[in-house]
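Read through the structures below before going on.
Paired with chain B in one complex and with chain C in the other, chain A is shared by the two complexes that follow.
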Partner chain A sequence: MSTYRVLPGPEHFLPPAAASMGIRLPNPGEAHIHGVIVPEEQAYEEAARQFLMAKVPTIFPGPLVLWAWNEKAAKKATAVRHLFETLKECVQPGQKPMLIPMPDYRPKYPKINPEIEINPNHPNLTIWHNKIDCCMFVGVHCHQANLSLKIIRGGTSCYTIAMCAQAGHEDAMLSFRDASVDKIMKLAETIKRLKGTVQPRLSTAKSH
Partner chain B sequence: MAETQSLIGTQNKKGQTYTDPWYMLNEALRTPSFFTGSEVIKEAIRRASCDIMIAYPITPQSEAAALIGELFAEGYVGDYFRGESEFAVMSQCAGASFGGARVFTTTAGPGTMRAMENFPMWAGARLPIQMIVTCRGINSPLSIQPDTLEISYLLNTGMMVWHAETAQDFFDWILKGFIVAEEPDVHLPLALCCDGFFVTHTKDVVQLTPADMCLPPYDPYRSPVPCMDMECPPVRMMRDPFVMKSNYISYATHASWQQEVWAAVERSRKHAIRWLDGLIDAENTDAEIMIVASGTAVSQGREAIRMLEDEGVRCGLVKIKTLRPWPADEIREATKHAKHIFVPEFNVTGWLAKEIRATIPDHHRVYAGPHVCGGMTMPPEIIVSEIKTALGMKTFSLAGRGS
Partner chain C sequence: MSKERIKISEALYDIMPSDYQDLVKSATYGKEDRGWKDIGTAKELIEQHSLCAGCPESMAFRYIIASLPNPEDTVMVGSTGCTSLVFPMVAVHNIHSLFGNQNAIASGLKRALSLRFPGRIKDVVVLAGDGATVDIGLDMTLQSWFRQEKFTTICFDNELYANTGGQESGLMRKGFVAKMAPVGKQFEKVRLPEIARESGCHYVVQCTVSKPSLIEKVVKNAVYVAREIGPTYLQLYTPCILEIGKNSMEGLQEMRDSEKPNERFAYKEFVSEPAKQLLAELAAKEKERKAAAKQLAGQAQA
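The block that comes next holds the complex of A and B.
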């Protein structure tokens, strides 16, 4: 079993892919936290706790939920919006939840506008600009999500969560798999349940 | 997967039933058949729900490609044509795969080399194309005979590389290969290699799955990259950023992209272990002498072990099934008791022995050989002779006519 752990960075000039360090993806019904396989229930608690602790908890919805390309995507988008509204209701003064889209994967130069979007090729710009210390990817194609998650781990101290519709992401610090409307709603429920029980790290947040 | 899974139990236009792959390959009643390796390729593709097959003639894969043409004529393969060259074929395979098709091709030797530029491109674009490589000589002077040197060139392309020993491996692994390659966390091309002629042109008894069962079709919506998006990498490959920009973030993105390809190779490990029943097969791992091999060198090693047993020498065997992902832990474990490790190979450079030396502790235990190449056969007697010579045992001359 690998002793490598997927932790907030900045990790390295070029951090390794977690899979190449022996981190394995969870099976159905499981999730992973820092590369350790855990029951999915535990991941809901930890993801909610990380969101409630963060100074700028942020959701990054990708093209698979931003565009209503089928009925399921539209329902997931509604669930993501509900999650964001729940987060806003549950945070304390001084915390600033954000919802920043990753509308596509086009390389954009000279650079993206970090106020309004995140791009997988240079995600750090959005993280740094908004001082995001916890984020969740949802609806991002797996390859692009891994690309971004690894770059974020390399150059920022942001805590990354993946709500993946497929097999999950080892390059996130916490990853669900087989994401569905129910799972997104359950995360929202968990945040609501933990409201007021988690101390935000407002004064101890690392600078980016 | 829900969309594809929902087709299970329904029939395709040929009356084959889309079947749960695990049931089809592990539980359904099999029928023994006496086929060449080329015929086995045809029978596997009959059951693979392939959308398209493209190839260019080159010995020894031409027969398989022609036989799949018959499948196309019968309606089992969606489309089929001959490209202008191997380079064209592999580029056309990429186009079909970008478009969301399940793609199959076959090649060999110089054809593999000619098409080489495409293979890292396939991997980088996360295209789950399956390519059969019926290995043959690649160097001048021309040889069409078995030689596995071309495999070494595929090892660092980012493709999965599996090496079949027998026609039975071939039949099963073609079907299993599509399943592993199309997993969303893998989604990589597969080079399924065999030793040309030894496997493709010899007949063997092969247990076939029912011809009225086939794999569920490929579901491109599970792909880790958008299917056929002209604005985004990987389809947008050569037009401006990020590949053409010279700045730190472009380099970092490209580096991360490459790492993700190799991460996907690592992820294939879990699926390959499940479907191939492990990345290696090992026998007598408590023996002090081990033969570690892949492809038909395994068969020759097995016979050498039988001959050595007749002389009271106990020897173990490791059959390496997947070269990428590389079964490093499995090889270390299987050889931990060995004092002498022999690696018979059908190539001049001994690339497999180099891989094994780089994997295990105390690599002086590895004897890189025996080697044959250029189409030579490898009689088990030369493996026996190599082992006995290394152990200081009396052996006999294999090549001379006197003494």
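The block that comes next holds the complex of A and C.
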């Protein structure tokens, strides 16, 4: 078993693809945390804890949920919005949850506006600009998600969560697989349940 | 693609950047009268581009995209060069081919689309520079014309390899000295419009892009003829202002000077007999449609 762990960066220039370091994807009913396969239940708790701890917990919805390709996509979008609203209700003063879209994948020149969107080719700009320390990708095609997750791990210290509709992402620090409306709602429920039990990093920082 | 499929999920509508909201609200997809006059109001027609300031190619790009009669069902095939920097800014399907392969790729694409969507009009338009069309890709260009492939080829003729610093191309004029061709061109400019005619193209035009209404007309004609009859070819002069030593604001004048009678980009048009007949029919239909629309507007006012 690989001893490599997918941890918050910065891992600097050319972080290795986690798959090349021996990290494998979870089976159905499982998830991974830092590259270690865990039961999915454990991942809900950890993802909720990371969101509640973060100064700027952020959800990045991608094209698969932003655009109403079909009924399922629209329902997932509603679930993502519910998750965000729940997060807003559950954080403490000083924490700043954000919902920033990734509308498409084209390289945008001459620049993007990092306050209102994220681009997979330079996701670090949005993360740096908004000081995001925990983020979740949902509705992003696998290849673009892998690219972004690696760039984020390379250049930022942001904790990354992937709510993947396929087999999961090795390059995220925490990854679900087979994402569905139910799973997104369950994460929202877990956040609600853990409300008030997790110390935000913000207050920890102040106490030092 | 149809306009129906590009709705934003209602639950996340408010967080979408306004560019995307506007694209869905005010794009010209499906609009019968779309044309160059939509530039400035329609979002999909390139608000920004990454070409040089004042580049005539950016004007040409806008006019062409605005003039496509069926943008939601059009696939553009591009090639290496400055054009490939613009495609990411355009809301039209596009494929970037290897340098020179564009007409071969378009041939396969057009055939595949005809088989996959038999009852639906799918247009294919090649957009490449003179290096890709006349030098590196000449074989593919000519073979697609010989085979009577039903798509339009548009060549942005800037008379050299601008993107790589000014090397000599087949379409460079005789005697021209470029940065990377210091001796000057020894041969005549290749007469591709004439070659296109002899190779079986049914509609061939050579002109500059100084007049948007003209570009709209020739692009629409070329697409309609390619759709129904066979290959069409447009050769548009889009000078590279950097490589010919001009300033940003001098591109338009350069084109106007080059299109005067007896100049090398004087308007040139070849139309085959079947294409003439088709265009006449389309013009008659268009006239009828406009008259009916005018009558309807008059009735509404009364």
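The criterion applied here is as follows: the second predicted complex is superposed on the first by the 202 of 208 C-alpha atoms of A that agree within 3 Å, B and C clash if a C-alpha of one lies under 4 Å from a C-alpha of the other, contacts with A are read in each partner's own complex, and residues count from 1 in each chain.
Just so we're on the same page, a contact is a pair of C-beta atoms (placed from the backbone, for glycine too) under 8 Å apart; a residue touches a chain by one contact, two chains touch by 3 or more.
The shown structure was predicted, so the numbers you read here are calculated from the model rather than taken from an experiment.
Residue contacts after overlaying the shared chain place A:49 against neither chain B nor chain C. When the two structures are aligned on the shared chain, A:88 is found in touch with neither chain B nor chain C. Looking at the shared chain after the overlay, A:96 reaches neither chain B nor chain C.
Using the contact criterion defined above for the overlaid structures, shared-chain residue A:131 touches neither chain B nor chain C, since it reaches no partner.
In the superposed pair of complexes, A:65 makes contact with chain C only, with no contact to chain B.
Contact with neither chain B nor chain C is seen for A:34 once the two complexes are overlaid on the shared chain.
Contact with chain C, but none with chain B, is seen for A:77 once the two complexes are overlaid on the shared chain. Once the two complexes are overlaid on the shared chain, A:170 sits against chain B while remaining clear of chain C.
In the superposition on chain A, A:106 contacts both chain B and chain C.
Shared contact residues of chain A with chain B and chain C: 106-109. Residues 61, 65-69, 73-74, 77-78, 80-81, 99-101, 103, 106-110, 113, 116-117 of chain A touch chain C in their complex. Residues of chain A touching chain B in their complex: 14, 16-20, 24-25, 63, 104-109, 120-122, 141-144, 146-147, 150-151, 154, 166-168, 170-171.
Residue ranges on chain C touching chain A, taken from their complex, read 5-12, 15-17, 20, 48, 50, 85, 88-89. Within the complex formed with chain A, the residues of chain B that make contact are 126, 183-185, 187, 222-226, 229, 231-233, 236, 240-242, 245, 249-250, 252-253, 255-257, 259-260, 262-264, 266-267, 270.
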